[in-house]
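Two complexes, one shared chain (subunit A), two partners (subunit B, subunit C).
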Partner chain A sequence: MTDAERQRRRTRIRRASMFAVAFVLVAVSWELYKAVGPEKGGTIFGTRILARTDDRAMPHIWDMFSRFSESEVRGGEDSVFVVVLRAAWYSFRCALAAFVAGSLLGIGLAVLMARFRFFERALMPYLVISQTVPIIVLAPLIFSLMAYNSRELASKTWLAAVLLGVFLAFFPVAMGTLRGLQTTPSAPLELMDSYAAGWWKTLWKLRFPNAVPFLAPALRLAGAAAVVGVTVSEISLGVRYGVGRLILSYGQEATSDPPKLYTAVFGAAALGLVMAAVVVGIDRLLMRNRPPEAV
Partner chain B sequence: MENSMTVSSPEAGTSPAVAIRGVNKIFNQGKPNQVDALVDIDLDVQPGEFISLIGPSGCGKSTLLRLVADLLEPTSGSVTIHGKSAHQARVDQDYGMAFQQSGLFEWRTVERNIELPLELKGWDKAARRQRSQEMLELVKLPEFAKHMPWQLSGGMQQRIAIARALASHPKLLLMDEPFGALDEMTREHMQAELLRICAAAGTTVVFVTHSIPEAVYLADRVVVMSPRPGRITEIVSVALGRDRSELTREATDFFARVTEVREALRGIEMADHAKGIDDR
Partner chain C sequence: MRHGRAAKLAAIVSLAGLLVAACGDDESSSDTTAAAGGTETTAAAGGSDTTAAAGGDTGAGLAVDVASCTAPEGAKVKLQLQWVTQAQFAGYFAAVDQGFYEKAGLDVEIVEGGVDIPPQKTLASGAVDFAISWVPKALAEREAGAKVTNIAQVFQRSGTLQVSFKDKNITSAADFKGKKIGNWGFGNEYEIFAALSKAGLDPASDVTLLQQNFDMNGLLSGEIDAAEAMTYNEYAQVLEAINPDTGALYQPEDLNVVSYEDEGVGMLQDAIWADETRLSDPAYCGQAVAFVKASLEGWAYCRDNAQACADIVVAKGSKLGATHQLWQMNEVNKLIWPAEGGVGVIDTAAWDRTVEIASGTKNLDGATVLTKAPDATSWTNDIVNEAVKLLTADGVDVNGSSFAPIEVTLTEGGA
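Let's look at the complex of A and B:
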């Protein structure tokens, strides 16, 4: 093992342990505030500032985790853990589909915009505006259009959720890729020109590989956006089986069973973490053999 | 097919490697920011000859190189390479090119960088690999085939770029300040290497530089250019013979030619001042 490798390994271990430490810190401060904070909440100069600390507002961390092993509904067969895991896995697959489709769409749009200035000028304003529309508004719209057009699609709320994930995920990829395609240095471009290589050959051999360092961080954003798009649409549309739906229905039980809501929230967080791991894996794969300062 | 596209001149066998005839290049013609980059350029480069283009910045030496490479088109006049139009020569990959930035693809290994022009010519993999090995031997870096470019020093990267430019065995090599970013020691070493490589292959070279000793050390003829508008003011024959070594750099003849080029360049500067043009 070289010194550099040892160094890298040490940083990796340090990062992993910092992640764990941060988690413990949040848990400790949660419990600390719950222990010392006012049960009914606190007002300072007539303004409500301190949150309630009773078990309904802030269940104990251990209650949240122990809730996982109990059955979901009284007398039900499956434990909360199984239900949440199943829902998170369902949503993860939707988010992954949205991530892949959104990335491909983004790359395709970027190539079109790089190839034809016309497309860039025509499309860019709409792309930017598209991202300002709240998906919680868009989700029912898309779904009702789908359902109105085809009875078959009316049962596929998940498809609407995936579409909205795509809608959020494509944007950073399109922007990052376009920037990468357009910032190709002139010397290698002239070189390709001197070989009389056409635009598409130059795209494949030069512009696209040149865009990869821009694509990698864009994919990270797209992964997160896909998760948000899918779960938020699930909440908005009430997609059965999804973790978003679980958050919605467990939230309705929050008065009687406060820790239950948090199990669904943890499920959604786990889904996000797994997506992040997938994206980091892709990043590593894309950026292997690149100069260390670019990684 | 190829014959119909090639304009064969009566003396095709002895035609110059590069023939530049009455070339003018005007950027932004008819607009307020019009620049007369090159005016009335005539130049013949003989096969196997080494030509240095030298002049102050803005004299159009890089533009002239790009006209030969058909990366730019002349506003008027013609450029032919071994009797072919510059465009046809580019399509046929008749020349190799190297720039100040090595322009290596950082995502490709050294050998795959060298293979790039061959790939675009449609060579099969085995032939490409064999040629890249030969080229690596030629630039004396055979053990670096599997390295990534960024793992090499600037001088080594530039040698790989030269290997790439020569990979398809072009008869003509066009170079735009290829050693400009290197330190003096590496630079002199690279100059000697370039002469060795080109002499071995009988390559014709057009070499743009702004270093007087470099221009003289390398060239058979130094073409001195002046700016605003860019034109050829003098052509200095170096005549130091083909066998040049580190001793050449200390020879009286070498200094005499360096002085000659320097005075030609100073003449340009004086003329500029006489015209009352402020450079800054």
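Let's look at the complex of A and C:
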């Protein structure tokens, strides 16, 4: 084992333990506030500022986790853990599909805008506007557009969820890639010109590699956006197998079983983490042959 | 090298395709029945003697010439629910499960609803053939241009309650004075406003109206004095929660319940809606008769087999627990049965009351559900009368005059 490897390994262990420590810290502060905070909530000048701390509003962390091992409905074979895991896996696949499709769309748009300034001028305002529309409005809108066009699509709410994920994911990728394509230094570009390389060849050999460092952070945003887009529309449209729908269902049971809702929330959080890991993996893959100073 | 990259790209793209397909139709059990060429004649045997609807000052509704309708044979139709699978829709699931739709010549697919999927809108778009919706909401959509017509009023009574703890002494709408009254908003608040004005109270000054979540935690924590609840859902959720004072479940004796139906301001709720523009098409109107007939047969089955129907709904993937589901089934039965005028037949008095409240009662913003009374073609009894006649001929009890609700013991969390 070389020194560098040892160093890297140590960094990795430190990161993993910091993650665990942060989680414990959040759990401890939750319980701490629950222990010392006002049970009925605190009001300042008639406005509720401090959250209620009773078991209904803030269940104990261990109550939330204990729900995982219980069976979801009496007589049912599946535990809550299995149900949440299955739902999160379903939503993860939807979000991943949205992420991949959105990223490809974003890169495609960026290339188009880099190639033809005409497109950049025409498209850019609309791209910016597109991201200012609230998601909560978009999900039903996309769905009703689908339903108007086809009877078959009317029962495919999951497709509307994926489309919304795509819609949110493409934007950062398009912006990041465009920036990268446009900031290629002029010296190598002139060199490519002197080689009589065509635009596409220059794009592939020079502009794309130059855009990669811009693409990496854009992909992180896109990954998060895809997850948000999919889970939010699952809540809004009631997509049958998704973790968003589970949050909705367990939220309805919150009267008699407040901690149960948190199992679905944890499922959604886990889904976000896995997506982040996937994006980091892609990042590593893209940056693998890059000398550190180029980053 | 370049070839390798292109191949990798192609692999990624096809992987994305696979993933989309994988995330989509995961349905292990489909909600469709395989219609094996149902040959039983349903609508064709109609007669002109069934067209007379119960009289009223709303007129006779939309006239549908049921005699000219053609009975379907294995027609594929879609039903849009207004919420996710639960016993509120048990009759339709039972009609699938028991083969009533198949017998009537229909292959029915049941489409679940969601927070932002208004069934009457999906119906008007042509994406589905029939929809379940509350009357005021569907009429509001109709006023906005969606040509939907009520063809069967399944729930004859309103299931909306205002639930409070005994110590608040709220036994009628008049007792709302000075209290914090929860409501869901979004058009679910009009029965409350109608009850308030009937009791001579001013909604703006005599009560504090609070926006309520879809759980009952506001009531349990004391932030709301009286919370809006459906008999078949939120009321049961309170009875499934542990009372911290006793360590046991809350009991009906701990609570006072104000029923808007009993207050005389009940608005009609779950009804079957059809696309008015298509009802003149003999094929569609035949489907409508067959659909209403088989659906009502499903509801008659659920009246007599509450437990079996609750089990059907649980098997269809409802997340609500088994005892909660049975409670819901039983309460829904109470909203349908007994049906003195025949199951699904629109009672014009209740219809007129609903329309009157919807167009005359203002909420705090001064808005009404409807700006004017809906036109006469917004409802029809021709189809349901025909369906009831066919059911009677088949020996199905369409009045349920001997209906007696069962006793349901709720458990913690409804499990």
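Keep this in mind: the second predicted complex is superposed on the first by the 283 of 295 C-alpha atoms of A that agree within 3 Å, B and C clash if a C-alpha of one lies under 4 Å from a C-alpha of the other, contacts with A are read in each partner's own complex, and residues count from 1 in each chain.
By our rule, a contact is a pair of C-beta atoms (placed from the backbone, for glycine too) under 8 Å apart; a residue touches a chain by one contact, two chains touch by 3 or more.
Because the structure is predicted, anything quoted here is derived from the model rather than measured.
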Clash-or-fit label for the pair subunit B, subunit C on subunit A: fit
Partner chain in contact with A:Y241 - subunit B first, subunit C second, else both or neither: second
Touched subunit A residues, subunit B compared with subunit C: C
Subunit B versus subunit C as contact partner of A:Y195, first or second or both or neither: first
Touching partner for A:D54 - first (subunit B), second (subunit C), both, neither: second
Following superposition on chain A: angle at subunit A, subunit B versus subunit C, Cα, nearest 10°: 150
First (subunit B), second (subunit C), both or neither touched by A:T183: neither
Minimum C-alpha separation between subunit B and subunit C after superposing on chain A, in Å: 10
Overlapping contact positions on subunit A, where the subunit C interface meets the subunit B interface: none
Residues on subunit A engaged by subunit C in the complex (per definition of touch): 40, 52, 54, 56-57, 72-75, 90-91, 93-94, 96-97, 100-101, 104, 136, 139-140, 143-144, 147-148, 150-151, 153-159, 162, 235-241, 245-246, 248-258, 260
Contact footprint of subunit A on subunit C as seen in their complex: 12-13, 15-16, 19-20, 22-27, 78, 83-84, 109, 111-117, 121-122, 125-128, 214-217, 220-221, 233-234, 237-238, 240-242, 314, 317, 319-323, 411-415
In the complex with subunit B, residue positions of subunit A that touch it: 185, 187-188, 190-191, 193-197, 201, 205-206, 209, 212, 289-291, 294
In the complex with subunit A, residue positions of subunit B that touch it: 66, 69, 71, 90-91, 93, 95, 97, 99-101, 103, 105-107, 109, 116-117, 119-120, 148, 150
